[in-house]
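Have a look at the structure below before the remarks.
Labels run A, B, C and D following the written order; every chain starts at residue 1.
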Amino acid sequence: MMRTITLAGLLLITAGAWAQSAPPPSAAKQAVVQSVDRHAKDLIALSDEIWAYAEPALREHRSAKALADYAQRKGFRVERGVAGMPTAFIASYGSGRPIIGIMGEYDALPGLSQKAESAKSPLVAGAAGHGCGHNLFGPASLGAALAIKELIQAGKLQGTVRFYGTPAEEDVGGKSYMARDGLFNDLDVVLSWHPDDRTRADNMSSYAMVDVRVEFYGKAAHAASDPWNGRSAVDALELFTDGVNLMREHIRPRSRMHYTIAAGGDVPNVVPEYGKVWLWLRDSQRSEVEALLVRVRKLAEGAALMTETKSAVTIQTGSWELLTNTTGARLIDRNLRWLGPITYTDAEKAFALAIQKENGISEVGMSDVIESIEGQETETGSTDVGDVSWIVPSLGFTIATVPKDAPWHAWPVVATSGMSIGHKGLLLAAKTLAATAVDLYEDPAALQAVRAEFEKKKGSTVFQAYVPPGPPPIPK
Amino acid sequence: MMRTITLAGLLLITAGAWAQSAPPPSAAKQAVVQSVDRHAKDLIALSDEIWAYAEPALREHRSAKALADYAQRKGFRVERGVAGMPTAFIASYGSGRPIIGIMGEYDALPGLSQKAESAKSPLVAGAAGHGCGHNLFGPASLGAALAIKELIQAGKLQGTVRFYGTPAEEDVGGKSYMARDGLFNDLDVVLSWHPDDRTRADNMSSYAMVDVRVEFYGKAAHAASDPWNGRSAVDALELFTDGVNLMREHIRPRSRMHYTIAAGGDVPNVVPEYGKVWLWLRDSQRSEVEALLVRVRKLAEGAALMTETKSAVTIQTGSWELLTNTTGARLIDRNLRWLGPITYTDAEKAFALAIQKENGISEVGMSDVIESIEGQETETGSTDVGDVSWIVPSLGFTIATVPKDAPWHAWPVVATSGMSIGHKGLLLAAKTLAATAVDLYEDPAALQAVRAEFEKKKGSTVFQAYVPPGPPPIPK
Amino acid sequence: MMRTITLAGLLLITAGAWAQSAPPPSAAKQAVVQSVDRHAKDLIALSDEIWAYAEPALREHRSAKALADYAQRKGFRVERGVAGMPTAFIASYGSGRPIIGIMGEYDALPGLSQKAESAKSPLVAGAAGHGCGHNLFGPASLGAALAIKELIQAGKLQGTVRFYGTPAEEDVGGKSYMARDGLFNDLDVVLSWHPDDRTRADNMSSYAMVDVRVEFYGKAAHAASDPWNGRSAVDALELFTDGVNLMREHIRPRSRMHYTIAAGGDVPNVVPEYGKVWLWLRDSQRSEVEALLVRVRKLAEGAALMTETKSAVTIQTGSWELLTNTTGARLIDRNLRWLGPITYTDAEKAFALAIQKENGISEVGMSDVIESIEGQETETGSTDVGDVSWIVPSLGFTIATVPKDAPWHAWPVVATSGMSIGHKGLLLAAKTLAATAVDLYEDPAALQAVRAEFEKKKGSTVFQAYVPPGPPPIPK
Amino acid sequence: MMRTITLAGLLLITAGAWAQSAPPPSAAKQAVVQSVDRHAKDLIALSDEIWAYAEPALREHRSAKALADYAQRKGFRVERGVAGMPTAFIASYGSGRPIIGIMGEYDALPGLSQKAESAKSPLVAGAAGHGCGHNLFGPASLGAALAIKELIQAGKLQGTVRFYGTPAEEDVGGKSYMARDGLFNDLDVVLSWHPDDRTRADNMSSYAMVDVRVEFYGKAAHAASDPWNGRSAVDALELFTDGVNLMREHIRPRSRMHYTIAAGGDVPNVVPEYGKVWLWLRDSQRSEVEALLVRVRKLAEGAALMTETKSAVTIQTGSWELLTNTTGARLIDRNLRWLGPITYTDAEKAFALAIQKENGISEVGMSDVIESIEGQETETGSTDVGDVSWIVPSLGFTIATVPKDAPWHAWPVVATSGMSIGHKGLLLAAKTLAATAVDLYEDPAALQAVRAEFEKKKGSTVFQAYVPPGPPPIPK
């Protein structure tokens, strides 16, 4: 297969620019790069396996097992089914401080099945696909943890490394449950990365978000013969959404509210006794999200009062805004620049261009630069990494694994995540994670600086998860 | 003038059909008919005077004075400014029981000024006009009271007669304040009539109604620079009206709710801190109106809750549904049939046809029959006579004073109310009122039967006015 | 009572009284009653079989087969799968005129599974149940057709009898497709009945109805990062329903509009590109339904214009108001009174009372009278018999098969339809259908009178089905 | 770069410091300062006179006359009633180029009458007041023009000076009509200023805006007896505003839409045949405002379609976003720093503190610094100077005339505009305007630089006024 043939080429990432602007990379740092190269074949195989499984949120049974089994085979202590989720696990090695975590995701997206080809073509019609590249995410992170484990085992580094298998990022928010249950509490730092169309250390926040279910309960009646005896839950629902839309003028321009009508009556000839709105509230500040939530509760209560129905507002999930760590971003940025951008074969370049042509976007191929950590704007999207970032300094970055400007959560991401373009990203991600971890193990001052920034920004805030008490919503 | 020239012709109303189906009209009954004819010139002059004044609700100063002065000149005891309204008065004569009241209205309608001509032509552009024929109403009723007074004075009848000058029927509801203040409490029966396009004794109910002011109080802010600090009273208002419209599916088909937006913000660049809806609720049953009002209060409260504003729901006025009295309707019907329908001159017929042609309606002229008391449907409109009808048996009828199917509250009513067609109606109305009063004075069994039906229908209900405590809203 | 006596004896109640005021029941009429009794065991077994199948609309494969097979075994010519519906069939016998049809239904309702017990207890949780008693409907009608077939076969009656197996009354409207395809065109009369809580000949109309799907097509966008690039189909949907609710003030009080929100977006973080409302419009007059539909089309078009989306309004099904036939109702009424009301055992009475107690309604047991054909009010519900009634005179009646005032489309109907109370109703229905058919076969004047009333009421109207061209929506 | 060179100088506030970092103020510049001081008494008297008149938009008859008469007395050629507005005028002196305009406003705000006292106390209850300080604006600008006129007359400067008396800034937008009619077309530069709570040269844009009237025309009917024959204009209005609010999710966060309901029906018992919304659309980009307007037209059209009414969308006024001129801002800034901030007496300081105390805001007194031209954010408000700024380079600044953070368009502004705090601001404004004009007359390079920036930013855009053709809406 083309994928294995090009494997050799993947290993040629060099590190020229480093020497000029920073201390020369330590032996340990050189070692982790070599480790990733040494396990590259395994990691790519794991990625391709998970890509083929394409299991959505909280259904990642085979994907999680593949990763956990690999970790176990490689000598990690593995705890499976943590935080009430059968597909969440933690693989640990070493002892004592520092304790550095590396997170990996592996859930797919419904309906996005696609072959590793440059034109839209489902692998299995209607099935899920890795439209967010999480098949690369898990193996890269585990590969980094493995590289560190080898150095600890060899006595070259002191401390503990932990790989967090974090399911359900696309829905529910697996990390939020793990955060709620305290699984990150004793970490010194946590690292992660994400596939993207560009390569850079993250130095931007994301939006805080709550995901709420707003339900109304009315009284049924025959809509033709005695509608006056009915009290419509859908009337309440419509007033509620009217209220949301009127409220839009009176929220800060940066805030976002968006909803769907998840239940709006069964059959027309019955006055509906049940209605449901699914609503997300977001803002760059968690405090504002909470202020919006207070108002949304009033909207629901008022709409119920107006229609003589009952309402219930339930938080389903949510995440805090990401707490950035510029000190950490600089460490990552330095490692990215040392490792350098990926180079692509002509075939890969053609693949990327073909995808861009298919999508009617600028045919510029893959991004081939390391972008700056300066001037990054807050992401209006949300992530469950946000929750983790208020418990432990969370450092992250993105690696270009898809053509520039390709639509996200869409078939092009599935396509490149299943072939050499994605594989190259996986390896660069693993090396960057491991190299940054080495910095933190080897240089107590660096670790201290990262934590100092974290403590200062966090202040006295104590994380409290938006996800409700009780077990996660495991599908049956 | 044509109006005075035709006066002689007005007096020729004969009474042929009576003998066959009822006891022969008493001498007293003959006398009241003659009395009305004797004062016809005065009554018509009063009507024309009030028609020319055309004073709207609670501004009927000259109109009320003209009537009260006439009554005083004719020997009535006159109490002016009753129930807190400068334009309300009571003119009494006699003593002891029975006490029979006759009500008269005299308020005009804004914007309906019109000459006594058969094509649209305002007398004074933009001014008020008697588009409901109340200029005929007051004088006819006073004429009937005068006829009775003469018989009491002559010792031919025993008891008391009272003319009620009841202002502001078109707005506010003058009778409702008089009812609230107990001015009808000691009556045995009250009589009234109304101009119409047909002649018949009333045997139908009307809708109960409340007139409410729904106000919202928000918080102003600059709509461009910090709308998020504002809480819009108009948002609340819009949710309120949305709620009213959603509620329409869940009220009985016979109920009516209608509103206007009376205040919806001053200038666009300020988030409005005040909003007002003017709402009427109606149903054939007062209990249902009250049930609607309970729900409307919830609508207002809920809309305020949803928008973080304050609400206030204030009853401005309202009236109960009319309590019919079929026993009384039969008395009136018998007198109408005795007095017979009005006959019109060729000029009058042509006048009526011309109006119908102008309005694009069927050119059938004036109604010339006494319609039946059977099969009358509830009127969806409302009247302050409704309130009176729960305190004292209230008998009424309509007299054709406008062409068949002519639009009401419109120029054709003003036109015919100012010329001989209206004058003939006035005289027939006065005679019918007086003749029916004679029946009640002379025949204790008839009076008793009327009251028995009233007591039975009313049951233990005790009237409570919808109009609020405190003085009526007298304009400044 | 006096009123019925003066109605030329039509309404005299017992079979004994029949002789006095009407021709004695013919031998043929006696024979059909005996035939039903002779096949009672078969008919009840068929009913119980269909009750157990409980197959919903257009899925009644086993139910239709049971009935069609029985008809075939009994000597009818059977045509299956008519009008494009696998579960529709026609069973015929005889030749020449008159051709009399008898319709039978057999579809169940989703979610109403219930044992034949007097307390709520599903037979199969979540499964369908005969909550409208159609398991009784089909066998009774077929039993009546069989009784007539025997007489034709025996040369006692001349003409043709046809049983129409009409599926999907509860949804889609099977008869509407059969009517559209002309399957009733050559009939002289059609008969049917329906289970109910009371027994009487139908002399009331039902509401005309159209069932429409209103769809909106917008443009998706990320709801957090660029909602300004999206055009929400749900915005359009909400404006559409706002429009419906505002319109309620401006339709006749007797009209009905009711809807559900069938699709209102998938996930909150995507601006919805699709929305669907499911709407029914009803009125006692088809012309008014059509006027409403014109306005609804404008609502959809306007809502799309306002939101820069596209709309589509599609008629899914619909039915005309029922054309009553009082001449036919009198025939049925006479037969019902001849056959007399059902008598129940103590156990059956207790069963009925227990159901009423369970439902918190008046514990009065089963209705035991034949109610009058006078004073029946238009049913605000709709039926696909309405369509048939504009093609051929359609005579019908109801038989009490459930306790008085028991909730319809609910478990009590399933319960009594599966035990002796329902069975007794089935037999009375079969006898009444057959006896009325005998009247029409034997008495050309009666048939002629029924048709004359039909022709007069129908006038020149030519039936056109609301159901769209093309095949019925057969589930896969 | 000049910017960094001059930056040092900017920070040195006194006129003494000027010499070190910039050319010494010319004799002409010294002369204009002396001129303003010489006429100070006149200018303050004019200001107090206009303050006392307090005439609102397009009613500034006495205010305009006072200024125009003064100009005429001082030797200007005065053209009154320009651009169709009786209260607009132009006063000119000199000939040839450059032609420099100076604009002055003088309209008051309804309802803000206030004495020149530090606690709320209306001068004339309910009357207008100078809540935007325009009584200072006009005289200061005219004083500057007079200073220039004296130099031209004395042969010290070459060219033409023009004072523009621009009415109705608070409503309608007088400058927009003057711009539409080409009255600014031949200018080289135009100068203006505005009272404020801080002193600085303007270097920020403002929002473009259109002010539209959205009207609906329905069909009246009696709301109780036949509402089904009515088509409510208020229904249309409500759908329209619903549409605006739904649209809020789908516009850029920086855009603003705000409205009031200006007409929402007369009396509840009539289905309203007329409804009016008053709507403002704003964005920092005129193109976006126009895109919003296109959508608003669809909202109105769709709402009318949905309700079977008619709609009309009419632009009443509007203004373009302000085209900034940083070159000009630097000239002004230099002059402001030369002239220095105002110093206040103890009494004035106490007056300012008392106002702040009354308003519950920070008691910091008057601003006493010249603020920077760097980092100014776009003003979300709009101004008719925006229109002018696309025709001719428009330079402006603000002078502190009210206490820091005092509410605008409120009584504190009226108070300080009527006493010495305002007067001091007036004089500094006049001097700054005149000094900046001197720079432009004396230094062709400076004028050329200002125009070059203007031409570059404007590009090929040709101004087209939002105000409609035809006469301005002069009140009667």
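Rule of thumb we're sticking to: a contact is a pair of C-beta atoms (placed from the backbone, for glycine too) under 8 Å apart; a residue touches a chain by one contact, two chains touch by 3 or more.
Keep in mind it's a predicted model, so treat the numbers as computed, not measured.
Steps from chain A to chain C, taking the shortest chain of touch contacts, total 1.
Taking A-B and B-C together, the pair of chains sharing more C-beta contacts is A-B. Taking the mean of C-alpha positions as each chain's centre, the chain lying farthest from the centre of chain C is D.
Separation between the centroids of chain B and chain D, computed from CA atoms only, is 55 Å. Separating the CA-averaged centres of chain A and chain B is a span of 73 Å. Mean C-alpha positions place chain B and chain C at a centre distance of 50 Å. Annotation for chain C: residues touching 2 or more other chains are 223, 227, 238, 242, 245-246, 249, 258, 271.
Interface residues of chain B facing chain D in the complex, by the touch rule stated above, are 207, 211, 222-225, 227, 234, 237-238, 241-242, 245, 256, 258-262, 264-269, 271-272, 278-280, 282, 380-382.
Here chain D touches chain C in the complex through residues 223, 227-228, 230-232, 235, 238-239, 242-243, 246-247, 249-252, 271, 295, 298-299, 301-308, going by the rule given at the top. Chain D contributes residues 242, 245-246, 248-249, 253-254, 257-258 to its touches with chain A in the complex.
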